[in-house]
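Every chain is named by a letter (A, B and C) in the order it is written, and numbering of its residues begins at 1.
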Amino acid sequence: MHVPDGFIDAPTSAVTGVVAAGALAVSLRGARRELDERTAPLAGLVAAFIFAVQMLNFPVAAGTSGHLLGGALAAILVGPCTGVLCVSVVLLMQGVLFADGGLTALGVNITDMAITTTVVSYAVFRALLAVLPRKRRSVTVASFVAALLSVPAAALVFTLLYAIGGTTDISIGKVATAMIGVHVLIGIGEAVITALTVSAVIAVRPDLVYGARGLRQRLQLRVDGALVDAPAPVLARTAPGAARTSRRTLWVTGLLASLALAGFVSFYASANPDGLEKVAHDKGIDKKQEKHAAADSPLADYGVKNVANARLSGGLAGVIGVGVTVVAGSAVFWAVRRRQTEDVSPLHTGL
Amino acid sequence: MGAGHAHRLYRHGHSPVHALPPHTKLAAAFTFVVVVVSTPREAMWAFAVYALLLACVARHARVPAGFLLKRLLIEVPFVAFAVLMPFVAEGERVQVLGLSLSVNGLWGAWNVLAKGTLGVAASVLLAATTELRELLLGLQRLKLPPLLVQIASFMIRYGDVITDEMRRMRIARESRGFEAKGVRHWGVLAKSAGALFIRSYERGERVHLAMVSRGYAGAMPVIDEVTASGAQWRLALALPCAALVVCLLGWFL
Amino acid sequence: MVPVSTASLEVSGLAFAYPDGHQALFGVDFTIARGERVALFGPNGAGKTTLVLHLNGILGGGTGTVTVAGLPVGTEHMAAVRQKVGIVFQDPDDQLFMPTVREDVAFGPAAAGLKGAALEERVRTALERVGMQDFAGRPPHHLSFGQRRRVAVATVLAMEPEILVLDEPSSNLDPASRRELADILRSLDVTVLMVTHDLPYALELCPRSLVLSDGVIAADGPTGALLGDEKLMRAHRLELPFGFDPRSVTMGA
């Protein structure tokens, strides 16, 4: 699915570049909070793992085989932020070193394959874990569903990007059918492999599975035959970590909810164009800003160029507008918040 | 298996292009591709000029045509996609050799092929003339977030180590008579992948320990830095500037 | 002898369990005086590596204390402690994480704030001490295993540590590399704690030995005497290589 140069037009590539940069900035902060100073080596090794595992062929039948995309696996094993970083770095290196995926299409590729897959799969994974009983089997089931949905979601995002900035007007219906159809199949493979891999890891090192951290138990030490409670977990900071996790979950859920709302609501509201305008306005997209920043942009007037179906086009514009706004907004939010925390504690001390 | 240092696309040499500081080359390659992508597809001659420009660079870099062309193969999956376009695209149709093709689709296929190929060629030239270590320094110099550069550099350093572990695990499986033939063997492969993850993660932890043991506290000490003179920048940016002129001509002619 | 308060290393009552519930240490006590070379033996799973990771505060959170040259290991003096305790890990690939040998050796001193000529000098000296000065510009994974291990020792020597801790220094080395490393270790003027399964190597290099078994120090004495004690050896799953008689060997200094 590595998109080459020239597949998506320049403005859309630029916009996705900005989206990708914003998401990466957020993930960098997130990963640093998840892993502290361990971020660089651990994320680097996980990136190397993703890179390697993408080369692991899973034979399907009669000589055909598939391989992992790894977004869902990364998100579940190391958390969404680190996951986004790892997959993005893999894409970046594939682009720069192996000419795999265009340099100008990096934004498209990262948005599609790094951000969409990890965010969607992690949101689904957490949501399922919240409802399922607290058992290991639930983790396997949740990983399966998360990975299953993540691949068609990426295909959907690709279709959306193609609808906005595709350089050839193939009917969006055809692209969507082909992309999503094929990727549902790929998603099944991805889901089986991801679930099996996650359960293999969880059987041996449950503490390594980021998504299953809630399943751990408190330690006891035996000194001279007597049991003593361990003072505090070594990799501690559980309490603030939990608070952060919930904030992140909130953020992810909020993003997904607004995306879904914007997409579906504008889809159905677009029977009359005024309704679309109204919904988009109510969803908090600052129309003026958009208009003046990009009068001729693909999003101008919330209709997506080259998309004949008015409903679909309105829906797409809604989703993308909200996406960009949320990402940009949160980037600003994190930047500001970081400055505030830095004022309080100027030094980030390690262990 | 290519070692990480001299990666697969790198071609050792001492040409003027090799000697350019990495960040100028990265910037040049990137702006060149941006210019190419922004060129109207109807200006077919412009793409021919771009190809000529790249050929000039390749000549200066002493990268043989065969080497370059072979590396372009990576594009093949998308060529297949492009070939399909004229059949499925909408709009006006023409008859060619008894096939009904969409004019728009033909333009689209041409557009993707031309821009995609030029993009790949530019990337291949960049990778062929720049050592891996230098690429990372260049990315760092271009203000990519340091943490991202570090992750990338660890990925490169350990990419081969991990791939090698994966290969050893496959050999171990095969020497015990196991051969993955279909879906029913996925369980075994996934267990290997799981084991590989644990090994990678644990290695990451050990590397971190080794770093911490030597005083690492979150920031990588800067040991090497790359700089470029004005002349080097001018030399590197000659390519995208020439391309920009062509692009503008393409828009106005 | 040196008074206990300025001993290079002092460990008392150390107990620790991993997050998965597996307890590795059950109350470890020992002291190493400045300038001593001590070997630490123990069967697989005795807790040797766990113990090593406590020496510079990478693991912690159990009970008991570790003191390095008078400094208690804890968050307070972490940077100083890590400069004083140089750990050479078992797998040189974990230890050598930078793109080139030179950068890797420079990592520790640079993290401690050393720059420019002083840094270059430190790197050069460290590489000379292990006889690897000609390999400074090479990427670590292009070296042989023995060379990588020597560079790993150099990365730690560059920090001018108080105590050098080696985890299985002779593992996977061919006999020549093994002897070269022994010569290097003998030539160094630092306290050495060597964790090993290689009993003849320990006898050659270390006058004193500790036996760690089931998470406690089971024996502490002259290496020759411990290796000669058949009952002790059997009780802790320690075995000498076939045909090797510790009494027939003259002890290393």
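FYI, a residue touches a chain if its C-beta (ideal position, glycine included) is under 8 Å from a C-beta of that chain, and two chains touch if they have at least 3 such contacts.
This is a predicted model, so every value here is computed, not measured.
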Chain of greatest Cα-centre distance to subunit A: C
Comparison of A-C and A-B (more C-beta pairs in contact): A-B
Subunit A and subunit C: spacing of chain centres that average the CA atoms, whole Å: 43
Interchain centroid distance [CA atoms averaged], subunit A/subunit B, Å: 23
Subunit B residues counted as touching two or more neighbouring chains: 132, 153-154, 156-158, 161, 203, 207, 211-212, 216-217
Residue numbers of subunit A (touch at least two other chains): 41, 205, 350-351
Residue list for subunit C, restricted to those that touch at least two other chains: 97
Residues of subunit C that touch subunit A when the two form their complex: 15-17, 19-21, 23, 26-27, 57, 59-63, 75, 78, 97
Of all residues in subunit C, those that touch subunit B in their complex: 53, 56, 58, 79, 82-83, 85-87, 89, 91, 93-95, 97-100, 102-103, 106-108, 110-112, 119, 139, 141-142, 155-156, 159
Sites on subunit B touched by subunit A in the complex: 7-9, 26, 29-30, 33-34, 36-38, 41, 71, 74-75, 78, 85, 88-91, 104-105, 107-109, 111-112, 114-116, 118-120, 122-124, 126-127, 132, 135, 139, 145, 147-148, 150-159, 161-163, 165-166, 180-183, 185-187, 189-198, 200-201, 203-205, 207-208, 211-212, 216-218, 220
Subunit C partner contacts - residues on subunit B that touch it in the complex: 3-5, 132-133, 136, 153-154, 156-158, 160-161, 203, 206-207, 209-217, 221-224
In the complex with subunit C, residue positions of subunit A that touch it: 41, 205-207, 216-217, 219-224, 228, 230-236, 350-351
